[in-house]
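Shared between the two complexes below is chain A, which pairs with chain B and chain C, respectively.
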Partner chain A sequence: MSASTDRKPPRIGEQPAFRRALIATVLVVTAFFIVAPLIVIGMEAFSQGWAVYAAAISDADTRHAIMLTVVTALIAVPVNTAFGVAAAWAITKFDFWGRRLLLVVIEIPFSISPIVAGVAYLFVYGLQGLFGPLLQAHDIKILFALPGIVLASMFVTAPFVARELIPLMQAQGRDLEEAATSLGASGWRTFFSVTLPNIRWALLYGVVLCNARVMGEFGAVSVVSGNIRGQTNTMPLHIELLYHDYQTAGAFAVASILAVLAVVTLVAKVLLERQGAGRGGRHPALATPQPAMTAPKLATEKST
Partner chain B sequence: MKISLDTVVKTFDTFRAVHGVSLEIESGELVALLGPSGSGKTTILRMVAGLEYADSGKIYFGAEDATDIPVRDRGVGFVFQHYALFPHMTVAENIAFGMKVSKVKRGKQEIAARVADLLRLVKLDGLGERFPSQISGGQRQRVALARALAVDPKVLLLDEPFGALDANVRRDLRRWLREIHDELGITTLFVTHDQEEALDLADRVVILKDGKIVQQGTPEEVCREPNSPFVMSFLGDTNRLPATVANGEARIGDATLPAPGVADGRAEVFLRPGDLDWAVEGSGVAAKILRVIDHPGGRRLLVAPKDGGALELDVAPEIRARAGDEGYVAVRRGRVFAA
Partner chain C sequence: MKRRVLPGLHLTLGLTLLYVSIIVVLPLGALVYKAASLGFVDYWRIVSSGRSVASYRVTVLCALGATAFNLIFGVALAWVLVRYRFPGRRFVDALVDLPFALPTAVAGIALTALFAPNGWFGAYLAGIGVQVAYTPLGIMVAMAFTSLPFIVRTVQPVLEDLDPALEEAAQSLGGSDSIIFRKVVLPLLTPALLAGVSLAFARSLGEFGAIIFIAGNQPFQTEITALLTFIRLEEYDYQAAAAVASVLLITAFVMLAVTNLLQARALRYTQRA
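Then we have the complex of A and B:
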């Protein structure tokens, strides 16, 4: 028998040459397209030393851009989270006319170029736009100001939370809510004691993704913000501006902040997936009405 | 609490699930809603619970019109087919949930004491700190029941309570549920598609087909006096044979069966495998054995009558029979329905 094992034909897809070639290709492509640029950001940011890096970060316009980005995220992310939960709840727990259509519409921001969204807002709220004259008459500034930036960011990131929750809540069905209600729980009580605990990891993951995208959004915001340095520039816009001003080190310094944010998002994603949610929630084994969650984790969760 | 349904109708988008069902369930009774899938039995149960609203008709709890009382205030205990235990809560927390959210305020110690009582009742002492994912299917079932009983429901409703369990656990749980029912005396309605389960457990069986009640009665009544070919064949294995009725008697081969109330002419005879006997010589339907299947309790013969068709009969273990043998099928009893 042992003699024959050497001559045993490899399983499908396991020929050594094929396996090595495939792994090598993927590694090389990943290194060149994903890892190398990230390393370059870090190296360029510090290429002229700490002092230049610190100066670039503490520049007044840069600080304003960071603040504006944070404020935008602080508004857009909670609003989109609430919207996402509401949309996922409505789509998965109720039957109503247009449910499927709503599912498709929610996904539009994923498939549309963000710049189209920006231009659309321009046509709706711009001076020559639909509500332009009305807004101007009441002295309400939407475009080239914070509201426009927030609206554009929200448009682009609207699907993130809903997209994470819908498959999970669909798999969970309505039984748990029905059980809670039949036991006498109110709507709010059911949501906070039964629905929310069962979607929390997927929800958190959606929020993290949404936040990363809000902070990094360039296209849509660039159209509606007007790019006014120190006033309506978010971090991505500020990076472009610095770059065009030949302030390479400054541009890379700000870019490094966004890159760090991306890495933090990824780490959070991995941690959340380990908690048995996120994209893992779509796995059929985990998407059963009673997800296989481990007890020790839940026990610590309760005590907090 | 007595439950009455008065011509209850429920229509879903595309089809009518329940067509004017009227039903009375006496206080303390254990009643089974039995029917094939799509017969509307679960919809009826959900309407009694208040999880669905009837399009028309009334549902009474005692003398009170409960038709429009929302599920939250209806005071029913509902056990879901897949238990619907809260996966992020322990067994004890699951059972305590109803008491915690209740409008009737209870102290922590009172709740803990009641949870302990209920755990004892469902024979799960010591498992209170486990999570639903850490216990077996049968145990989850019992937790679901304890959780439903914790809120002192006026009515206990169970949707396919044993559907997801394997055969041995199922039989044990059935007997046990009957004991709990007899101990608590709570009016109980359960849904099943398994006739054996319904007959085994219920005081009264309500048989449904296409959203209508076709027959209701004690297990004895529906077994001995099925009122239609559907009930006859749904309750157990049956053989169907064409026959002719004349003067209140049906003729099959050279055997006759009483057929009271069946008009003269063509009819169908329904025979249970146990209603038939096998003899090498004698009278009855001449037939040839195709196959013999042995069971612990006896033998089942698959035979081909000379006139065509096929019959299955259950005979005692000592009967000697082999494939290819010829003989006669004796008809001891059977039911005749007009064709």
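Then we have the complex of A and C:
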């Protein structure tokens, strides 16, 4: 960036008047469109003072919603991370038939409406669904309970970790791992001592984004949770409940917690991007399934 | 020399296939099975009913409007972030991802608070006779908010990698800035732009959380297809829910195919350049 300032080639859009006007327009629209929603959450949350805010946050149903959201994330995120690492290892370290298809299937949840995901789970575990009668006969509750919420969260975030790791591991090739195993290291040792140090930032990046989505998921979870107050209400669902109950300040108070989470996620994202993570996420046009389609030949050629 | 094969294929591939089967394939298969078991006549009756068709129209038209807005604003934003240096640039760059990080329900109530007739913007807009919240315009605002990062983040890297020599050459040949933008820069951006547009459009078609708070949700007027699916569920009309959801699912698959095609093209294009 700084190197190009030494000798600037003439480029378009550099007239001061145009430049200033465009920057000003973009900043104004950004302020209205992206910053204002963030500010309005804080303003509305505290619109009736600290006492109302504190009461809304410490309300038993709110506390339960927070707990449920945290528990969901504590289950869904680690399982999803394990899946993402396994998928990335299988896809980037081996050549097998159907690899491209597998990549596409992993990416599917990304393009499907969360409502469709919720409905789909209903037709597996609901009374109308494939396993519904069987589950009821054995008195196993999946829908309208924690397992359903966790499953729906796993669906919507299934690609999050894998899509960060696959392009990176593809680009890194297989030579290091092959060297390690040829020197006698076990598979686990190779993974933890050779692969993991190279992918840790991208892995963390995927985990952070996955966590934000799990904690914030609304559509899919609202179908499978049944919205039972104080039982199966996650934070986003509790926001909706309070909002439609005309407890606006309470709704925004809960929303403010998730807004803080979003800001923390953004900060973590920026910090991790400085470590070189997230190239895949930042370049969606070039990242998603493509790298694996051009590799592995490309990757091994590059690293020799 | 024979290549040494790394360990772990069976474990990792087995785990991956198991996870993908249980989490992704099984539910979607169940949905397709349910919709297919309706039989063609019933299926068609549900998906072509007046209320369903009206919901497609609202969803598609609003998604088109939102994507058109993001096309212009997203390119302007990406351009400003890549080409100009100004105080707060990194801050704005980080903010672009806020719509991805902010839960949709939170975005929904925040946008409603801003655009409701008594809100910060809504009160002013009401003064000039424009109502946003509880109209299709509100749906567009919510869709545009949630899908903005797609276009910015697909255009940004291409803009960063653009060879300055091309603009220099065009300028030395006497082209004005607007001609160079249209004839040199825009064609180079087009593949990435198309990919970003299709991603943003697909996201808008499926968006739910941000929209339902601001939309008003009047059947035939401001009811999106995702909400209609949800309403059919609440009415315990599972057949209709399956049928309408399958329309969304098919649309998603079509958009996925289109996006993959455009992305593959964008990749070829940038590699050649």
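In this section, the second predicted complex is superposed on the first by the 268 of 304 C-alpha atoms of A that agree within 3 Å, B and C clash if a C-alpha of one lies under 4 Å from a C-alpha of the other, contacts with A are read in each partner's own complex, and residues count from 1 in each chain.
Following the convention adopted for this analysis, contacts are C-beta pairs under 8 Å (C-beta built on N, C-alpha and C of every residue); 3 or more make two chains touch, one makes a residue touch a chain.
Quantities reported herein were computed from a predicted structural model and do not represent experimental measurements.
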Partner chain in contact with A:Ser186 - chain B first, chain C second, else both or neither: both
First (chain B), second (chain C), both or neither touched by A:Val105: second
Contacts of A:Glu178 with chain B and chain C, given as first, second, both or neither: both
Touched partner set for A:Leu122, first chain B, second chain C, both or neither: second
Which partner reaches more residues of chain A (counting touched residues only), chain B or chain C: C
First (chain B), second (chain C), both or neither touched by A:Asn198: first
Shared chain A contacts, counted only where both chain B and chain C touch the same residue: 178, 181-182, 186, 289-290, 293
Residue ranges of chain C in contact with chain A within the complex: 3-9, 11-13, 15-17, 19-20, 23-28, 30-31, 33-34, 73, 76-77, 79-80, 83-84, 86, 88, 90, 92, 94-107, 109-111, 113-114, 119-121, 144-145, 148, 150, 153-154, 156-158, 164-165, 167-168, 171, 177, 180-181, 185, 191-192, 195-196, 199, 202-203, 205-209, 213, 226-227, 229-230, 233, 238, 241-242, 245, 248-249, 252-253, 255-256, 259-260, 263-264, 266-267, 270
In the complex with chain C, residue positions of chain A that touch it: 9-13, 15, 18-19, 22-23, 25-27, 29-30, 32-38, 40-41, 44, 82-83, 86-87, 89-91, 93-94, 96, 102, 104-109, 111-117, 119-124, 126, 128-130, 151, 154-155, 158, 174, 177-178, 181-182, 186-187, 190-191, 209, 212, 215-219, 222-223, 235-237, 239-240, 243, 248, 251-252, 255, 258-259, 262-263, 265-267, 269-270, 281-286, 288-290, 293-294
Partner chain A, residues of chain B touching it in the complex: 49-51, 71-74, 76-78, 80, 82, 84-88, 97-98, 101-103, 130-134, 147-148, 150-151
Chain B-facing residues of chain A, complex: 175-176, 178-186, 189, 193-194, 197-198, 289-293, 295, 298, 301
